[in-house]
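These notes open a run of structures that come right after.
Look at the two complexes coming up: chain A is in both, with chain B in one and chain C in the other.
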Partner chain A sequence: MTTLNDEIKSGLPQGEAARRNVASRRRTGAIWRTIFLSATIIGLIALSLLIYNVVNEVFGYVATEYAVDPATLSDKPIDELNKDELVAVLQDNMRANAFRTLERDKPMADRSESEVYDLVIERVLKPQTLETWTLRDSWFNKAAIDAQVASEFPEAKLEFRSWLTAGFLTTPMSSDPLRAGVRTALLGSLWMIAITILFAFPIGVGAAIYLEEYATDNRFNRIIQTNINNLAGVPSIIYGMLGLVIFVRTLEPLTSGRIFGADSGNGRTIVAASLTMMLLILPIMIINGQEAIRAVPLSLRQASYGLGATKWQTIWHHVLPNALPGIFTGTILAVSRAIGETAPLIVVGASTFIVTDPDGPFAKFTALPIQIYNWTSRPQPEFAHIAASAIVVLLVMLLSLNAIAVLLRNRFSKRG
Partner chain B sequence: MTEKQTDTANYSLTVRNMNVYYGTFRAINNVSLNIERNKITALIGPSGCGKSTVLRSLNRMNDLVNGARVEGEVLFHEQNLYANDVDAVEVRRRIGMVFQKPNPFPKSIYDNIAFGPRINGWKGTKSEMDDLVERCLRQSALWDDVKDKLKESGLALSGGQQQRLCIARALAVEPEVILMDEPCSALDPISTLKIEELMMELRQRYTIAIVTHNMQQAARASDYTAFFLMNDQRAGELVEYGPTGDLFTNPKDKRTEDYITGRFG
Partner chain C sequence: MDDKVSIGMDSRRITTTQRETTRPFSLKRQPRLGESIIQGFLLFCGVLSMFTTIGIVVVLGSESIAFFRQVSIVEFVTNTVWSPQIDEFGILPLLLSTLLTSTIAMFIALPTGLAAAIYLSEYASSRARSILKPILEVLAGVPTVVYGYFALKFMTPVLKAVFGEANVNIYNMASAGLVMGIMIIPMVSSMSEDALSAVPRALREGAYGLGATRLETAIKVVLPAGISGIIAAFVVAISRAVGETMIVAVAAGAKPTFTFNPFEAAETMTGHIARISGGDLSYASIDYNSIFAIGLTLFLMTLGLNMVSRRLVRRFREVYE
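Here is the complex of A and B:
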């Protein structure tokens, strides 16, 4: 008889060596854990820096000066004037035809006192921005700001303001950063995304179903599959050029709305941009859709077929409902990408300056990324502040669309 | 166990010279088998011997496997199921199937059962459907467990209950034959016993073919047993087929005897 420990030479460490071996394996694990933790922390730092940068620009002190001295308008400070006196000030200090235009938009009698007050500020006093400061400066260097204002602009009014206001959302584009808003761009982005989803969702899901459920494994279908995978990596500006050639130029009668009786002159419309975005996100949506469909367990399909269901009944009643949460996740990712895309929009001709709301798929439009891009390229510092505000609007829009999609997804995965 | 083997009216399914291929690989070699009406036929044999493949060929479930091909005939009411004018969808309604792992749909218990009739063109009223659901659940001995929670998900049931739900679901499309592919392999002994009792009940109205790894199960819960084995080319062959009592007490083939006595290498 041989005893285990004495006679059989074991390849495994014994006794003290075994303990050391376990400790060393645990150390290796701890090192990797630290590496993964630092990767997460780096990501968090990057995100915090981004948020800090945006917020830093959105709030801060602004020194403004009125082009007209309020003291010259009336005996009393204008804050104490009542509505009739304010209207009188307006009438006295504006050109007659400009005043008539205002009256035609909305009679003075119908306007509230604060509305008239705002008009006096805007049309008569005409505030000019002299200097702006970031949130960090406003917070930590208040004394320096006060000193600078006192020496350089003794007349100026210094106030802390948020560049992102309710008015910012509801006013259209303007060349004056104090009065510019993102209304047109926001509506443009919403229109564009709605139409993009409208086209991309059915086409993407349809293609995913065909490729996953019907396409046989032959050379032709493999080529299609490979090409879809590659298309997902094509730079977006290439899609922009494709969209320019196909949708803006070739399909101009369609995209300008001429054959629908809504002629907008040329093909640089919301629908052309949406179709371009659709091309851009289709590969992502198809690939995600296929993965979601592939993840539906075989046992479920077998159960359905075993009851005498046809292929289509199996797909419709079991495969699609069970793949839907995954398809929604893919759609969220794809749409998020489309919302933030700028390059293809520039190529297909989104307007950079437009003040009329888009009124349908064939309208001229601009989009939030275009607006941000436009503002960030201006030299005046005020535009950096409103660009940051527009970024906040874009981020909030993105997050709320994602939230809706997540809610939808959860709703569908709770079925049954 | 005294039916005359020559009386074809007693056969629910007749398999003649069946070969099954996966691509170029022959998985089943020349199997002929008669499945008796209103009896339980067990298909036994070691892993990989092709018993599940044979079972799945009986209602054309193998059509769903890429590259699977069946030669020979499977006669059902004197009609070859593999004839060109036979639609597999119709075959699968009349020859139902219960799978190894309980696979209820992620829907309510009610909808699990109502699904089959609905997709097969059910024309009845809501109350007729209620009756049908109750009847199927009673037949599968599940009614008392679930009658108060028909709207709850089928996935909330225990494994054994899920499998009985799957049987109830199969019954709802009024099949003549029920194929069971190792229906108890994922279940505990008590649930297994319930399924076996259920099979005994169902035998009065349906023909049942069951694949099982469990020889005790075949011995106690089947009327006929077919023993399969791989040949040298790794293709499944039918070694012996006969009344369960005879096969287990007096096997004609040496290999059958080795297998059922556990002496198989």
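Here is the complex of A and C:
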């Protein structure tokens, strides 16, 4: 016994050497621990940088100059004019046709004073953006900005502006970044998502039920399962190409609404985009749904069968209600994927410039991510500001969806 | 009490007498129309995914055949110029920039993601996990077009500041690749963490019992045991990078260029598909057919990678009781 122990000991470091060995191993351990931790922190840093970069562009100083000098419009400063005087200014300084169009959209009598004031600014004074600054510059280099404005644009008005305003949400797209908004894009995204859910939810849940409750372990069902797993890994742009050929071109009479009497010219409509998105999120929804259904205890089903329920009665009254929170969570996650997807929409042919609200499933449309892509691609710095503002809108939408998912999960997991 | 019993006896007698005259109550499975219809619908839902795959293969295949009638496959895979205006259709420049951006992304995502997974599964307290995991989940949920913005408006200026204004193009593969790497970190870390967490506790305790440090346990015991899942995560990450569209469409450039220099602008396969189909595209043109040939190449690459990943998992999986 002692000889064996001695043999083992002779191969191992002894005394001082052993202490040094342990100490150095501990040191290596501590170094790597720091490395592992910093790798995890990289995510946090990246997220903060991303948010910082977006917010940095959303606020900041803007130097604008009116195309027409306000002093030439009236004897009084325009801030002091009352509504009738403002209307008069409008009438005097706009082409008659343009004024009639405004009058037709909404009579001047029905417009409030501030609305008319905004019209005067927009249609008569026509502010031009000369230069914009980021939040960081506005904060730390105010003096330099003042000096630059004073020397380069002595006529200009310098004001601190948030590019993301309530007006940004409610005004349609415009080629002028000062007046552009995301109304059309937001509505387009909401329409698209609503229709996507309408199709994807029943089919996704149905497929999940089939695979978990009905499918026996045979070759056919194994192929279906493998196929769904493979589809989840197909790049989204491929779905876009599938949608382009199948929904936009082949099913054009259906997706352009011609057979429903609402012809929109071609198949590049909300329905086509929604169906494409449906195919894209179905694999995710099915896989999440399967997990939720699998988590329902077998004893529930057996109790139901024991009382004489049929298979569908068991599923409808016992399995589904218990799996529903999980299914909802999975659906929300899939939907938030669909809201942020851009590539398939580009391929399916979402419009990049459109000012009319979508009025139904067969309308031409644009979507938030498309708008962000479009604005990001423009070289002029003003567009970076509105791209950033649109990103904030999109991220807030996604975060609130995810918050709902987390709440659902917590609320129902406690009950079970 | 007696009444009830007699009634029970009575009814039983009735059924026994009836048995001779009417059909006996059958315990055999009965056809139920409603149930069959429902089951049929559910089967349809399940099979729909097959149609999706068939649809993808048929659509990409048929349009590609139309393309390959005009351009030989040999030219497609060997020509280093992609320029539809002068009838040059070589996929190599697009493929090269896809591979370059993906490689850069993997240099970021794989080590960082794996290290984060090791930290989360082997080191982090449950408190730290509850803070760090949601952050990674948020990062995974950010839409790719936002990452594109981040690449163009943040990463490119940083690269310009570090490597010199003149050396870095405003659109370049490096910035797209780096940001793509950041985007993929959460995916690698969450899949790898699942693989590491699945390793039984007994293995770790055995290692500690033999005097191993935490690091030695993690690297020499847990990591090899979970290697199949980790490799699968890596392969899926590569396939994700190859198929990523918006970051490269925004930040990598809009001209197919055959270059190995990551600071040059070069369009990737996905970027090219997005740009061409985003414009006014005539369905009868060879441009239209050509994006399907690229799409087919892309589809086969990602499908191959996903299948490799599944095979690797099955091959190297260690089964523990």
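One rule holds for everything that comes next: the second predicted complex is superposed on the first by the 359 of 416 C-alpha atoms of A that agree within 3 Å, B and C clash if a C-alpha of one lies under 4 Å from a C-alpha of the other, contacts with A are read in each partner's own complex, and residues count from 1 in each chain.
In the analysis below, a contact is a pair of C-beta atoms (placed from the backbone, for glycine too) under 8 Å apart; a residue touches a chain by one contact, two chains touch by 3 or more.
Predicted model only: the values in this text are computed from it and were never measured.
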Look at A:Thr310 in the shared chain and tell me whether it touches chain B only, chain C only, both, or neither; answer first, second, both or neither. both
Please indicate which partner A:Leu244 is in contact with in the superposed arrangement: first for chain B, second for chain C, both, or neither. second
Quick one: classify A:Gln302 as touching chain B (first), chain C (second), both or neither. first
So in the superposed three-chain picture, is A:Asn322 touching just chain B, just chain C, both, or none of them (first/second/both/neither)? first
A:Ala88 in the overlay: touching chain B, chain C, both, or neither? Say first, second, both or neither. neither
State whether A:Ser236 touches chain B only (first), chain C only (second), both chains, or neither. second
Would you check which partner chain A:Ser336 touches, where first means chain B only, second means chain C only, and both and neither mean what they say? second
Please work out whether A:Leu407 is in contact with chain B alone, chain C alone, both, or neither, and reply first, second, both or neither. neither
Which superposed partner A:Asp217 touches (first chain B, second chain C, both, neither): first
The chain contacting more residues of chain A, comparing chain B with chain C, is C
Chain B/chain C common contact set on chain A: 310
Please give the residue numbers of chain C that touch chain A in the complex, ascending. 32, 34-35, 38-39, 41-50, 52-53, 55-56, 59-60, 63, 111-113, 115-116, 118-120, 122-124, 132, 135-136, 138-139, 141-150, 152-154, 182, 185-186, 189, 213-216, 236, 239-240, 242-246, 249-250, 270, 273-274, 277-278, 283, 291-292, 295, 298-299, 302-303, 305-307, 310
So in the complex, which bits of chain A are touching chain C? 25-26, 28-29, 32-33, 35-37, 39-40, 42-44, 46-47, 49-50, 53-54, 57, 202-207, 209-211, 214-215, 221, 223-224, 227-231, 233-242, 244-246, 249, 279, 282-283, 286, 310-312, 336, 339-343, 346-347, 349, 352, 369, 372-373, 376-377, 384, 387-388, 391, 394-395, 398-399, 402
Can you check the complex and tell me which residues of chain B touch chain A? 59, 61, 64, 66, 89-90, 92-94, 96-99, 101, 103-108, 111, 115-116, 119-120, 153-155, 166, 169-170, 172-173
Across the complex, what residues on chain A touch chain B? 217, 297, 299-310, 313, 317-318, 322, 415-416
